[in-house]
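What follows is a structure written as structure tokens; I'll ask about it next.
Labels for the chains are A, B, C and D, by order of writing; each one numbers its residues from 1.
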Amino acid sequence: SRYEYVKLFEQADQCLRNCWIVVRLDGRCFHKFSSQHRFKKPNDDRALNLMNHCGKAVMKEFPDIILGYGQSDEFSFIFKKSCNLFGRRASKLMTNVTSLFSSSYVFYWKNYFNDILQYPPTFDGRVVLYPSDKNLRDYLSWRQADCHINNLYNTSFWALVQQGQYSLPDAEKKLCGTDSGDKNELLFSQFQINYDKEPAIFRKGSILLWKENVVRKRKDVVVEHVDIIGDNFWTGNSQLLS
Amino acid sequence: SRYEYVKLFEQADQCLRNCWIVVRLDGRCFHKFSSQHRFKKPNDDRALNLMNHCGKAVMKEFPDIILGYGQSDEFSFIFKKSCNLFGRRASKLMTNVTSLFSSSYVFYWKNYFNDILQYPPTFDGRVVLYPSDKNLRDYLSWRQADCHINNLYNTSFWALVQQGQYSLPDAEKKLCGTDSGDKNELLFSQFQINYDKEPAIFRKGSILLWKENVVRKRKDVVVEHVDIIGDNFWTGNSQLLS
Amino acid sequence: SRYEYVKLFEQADQCLRNCWIVVRLDGRCFHKFSSQHRFKKPNDDRALNLMNHCGKAVMKEFPDIILGYGQSDEFSFIFKKSCNLFGRRASKLMTNVTSLFSSSYVFYWKNYFNDILQYPPTFDGRVVLYPSDKNLRDYLSWRQADCHINNLYNTSFWALVQQGQYSLPDAEKKLCGTDSGDKNELLFSQFQINYDKEPAIFRKGSILLWKENVVRKRKDVVVEHVDIIGDNFWTGNSQLLS
Amino acid sequence: SRYEYVKLFEQADQCLRNCWIVVRLDGRCFHKFSSQHRFKKPNDDRALNLMNHCGKAVMKEFPDIILGYGQSDEFSFIFKKSCNLFGRRASKLMTNVTSLFSSSYVFYWKNYFNDILQYPPTFDGRVVLYPSDKNLRDYLSWRQADCHINNLYNTSFWALVQQGQYSLPDAEKKLCGTDSGDKNELLFSQFQINYDKEPAIFRKGSILLWKENVVRKRKDVVVEHVDIIGDNFWTGNSQLLS
């Protein structure tokens, strides 16, 4: 029709080839969402497991994703460098992933929460490209280090509040200027909490990757809560970067 | 941390200023989705009303959207030219809209369908920029003309099949090479269907826009099924382009 | 050959349609270049006329340019909105324009300067898109206002130094905090200079546009030094925005 | 001023980090330019040496360029991966390089040609990013293979015409369907030309790179005409990719 010319205003947005394509999504205003749905503090295992369920759903739909990493209200998906899904169009990649994650969150909510979902959540999404394996590993290290720092802080903070009867401002003051060692020490001496014994899902976040299911003779997405900053994970899963 | 440098790999994607920002989303493989959920053919009013409900939810969350247009498995949202939401970052705009639409689709499903939702749906999304009002109107005309053409065809096709006992290939053959007039004629003479009397939601799609609610003294999103190709709509809603 | 795949790494960069395409170029380190070539201060008519010669050469080569505007070491070229040169590829547009301007600068140097050119000059270039006629006019007003402000300042500054025997720092101090009126007043009272009588090429910059040459029966590029901020120029040249 | 807002329409175009940045320029309509300036066929050493002179000028101005490669009317410049010149803005990089190359071409013309330059030449320019060293080497191999293929063809073609008295169409027909071996054979048997003994600058193009000048105790740009497809060049110049 005489209106079809408007299609030509769409602009090409193919991702540069031979780069790792990362799609990261993050919950919109999850400060409010988590509080309205009474997420446990500092970590709600139901929320994290729901996130992982959605992450799995995304990976099963898009097998070019070799790795997922989730923590807090965010999830990162790593598409293999040679990925040609949607002709590498960035818009298609980020919206399809974010959309399926979002619809899955509502769909699977009741599997994890007894309380009813009060309103549909929103996630933002973005594409980031990493040219080298080192860049990609550093990206994942960045997210896992972020998880660690936030979780150590939150664990200490809520121990002071929930077990130590600190007021919120007093807990904040108490932690001001402390480093990792201080917080570990405080947790142990004041609350007999050995931080390293806290659930790995809280400390490390969740790594989703494809593993051979020898029983069913197919690949399945498995969830691990291990360190991905050091070399061990990468030598043990050498297929990822090869 | 020493990993934070990876944040710098994110690339700026602000939309050119003083342009209309259109976010269009479209259901992924809704051929399959509609068939698995036994959508009525050629049009399922439940599906369309659910789409409109989601469209409303998006507009209420993002009041910079002055207009929505939905048909089939797609929805277009028009952000005002001066929109500065997310600093006009294209990724943020398209993912937030697509995400909320997707989660709403699952959330409100049961309001429209008795049958259970079988799997979470996926929508893709994109941003398109239009510099002039004429370009924007032509965009909307393009989508509404598309609605009309598809719907006239589908109405004729399924009349032949459902009422005329044609096989699918025979119905296709029968319509091959026919123009609009032929199809109108065929519907009327063979099936006593006056196409212009078909529900407007099927023929025109759905226009969502903000209207003053004089009772509640606030603006609400209303749904209309009117022509947006001619001038009438635009003179009657002159606030849209002003 | 087996290496041809690298061609696919080139990324599309078409300019959004129905926008004015502006290519602006600017001399690299012309502070140094102008001083090494002993440009007259504050304005060197030879340099400006050479710039205009190059601007003309560019417009004759690329007739889609409807307007050029030059001042100091910069030049802006306005391509018509419907321009389809190089398929609107931004890289092609900016490099071709900047390249021809640069080679012309050397080629025509001897037409304007007796002293020899000491080294080849460099210009940067960029593409900027403007969706509306008002945006385009504001762009040109921005450059002409910039010309005016700089030139009034420089004229005052060098009058103080060259005629008023001020040292450079003293001249700077003298002008610090003065507005346009003050500078006009100072020029007139101290140096009997009526700023409005200064050469228009210095005060207004140079506008290059296509005019019918009635003698030769063809279009030629003409150079004017008139106000392009007010409406007069645009009503008198209504073909530009039509 | 009230017009300054137009500056905000400029769009960010930083090159993705940790990628090789290639700027390639190519003469505009050099078919015509070379014929008007009576370039020797198939290769004009004056033209090639002038190109190399310009390439050197560019590299000396932008020391982040680690390598240049020239052939025919084109030149490629490789910026190091960590280059932060102009904040990696693609527009700045491609226009500055193309501009200086173009002005240098005119500036140094008389050093190479007795005949006067008839009009200022134009070059286009572009930026292409390569994430890996292999991609970069393949890029350079692509250009050098292109040089080889064109040059072997042109050498054969003009031998047939100039020495063999073939008409142009007859020479074309003679070469139609021949492979490299056929052309080598034809050159040798009919014209006693050992293609491998042809000047390396014609067969290999020109590689420009920084070498320590032990006499002057500084780095200088040197020109070589060697194979860059095989590993030898890269092991001998291991600093390039390190």
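Quick note on the criterion: a contact is a pair of C-beta atoms (placed from the backbone, for glycine too) under 8 Å apart; a residue touches a chain by one contact, two chains touch by 3 or more.
Everything quoted here is computed from the prediction, not taken from an experiment.
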By that same contact rule, can you tell me which chains touch chain A and chain B alike?
C, D
Residue numbers at the chain C-chain D interface: does the shared fraction exceed half, giving same, or fall under half, giving different?
same
Gap in Å, rounded to a whole number, between the CA centres of chain D and chain B:
51
Roughly how many whole angstrom separate the Cα centroids of chain C and chain D?
32
Centroid distance [mean C-alpha coordinates] between chain C and chain B, Å
47
In chain D, which residues are in touch with two or more of the other chains?
9, 11, 16-18, 129-130, 135
Chain touch graph shape: choose line, ring, star, complete or other and state it.
complete
Within their complex, chain D touches chain C through residues 1, 3-7, 9-11, 25, 28, 57, 61, 90-92, 94-96, 98-108, 117, 119-130, 135, 138-139, 141-142, 145, 149
Quick one: which bits of chain B touch chain C in the complex? Just the residue numbers, please.
16-19, 129-132, 135
Would you mind writing out the residues of chain C in touch with chain A in their complex?
8-9, 11-12, 14, 16-18
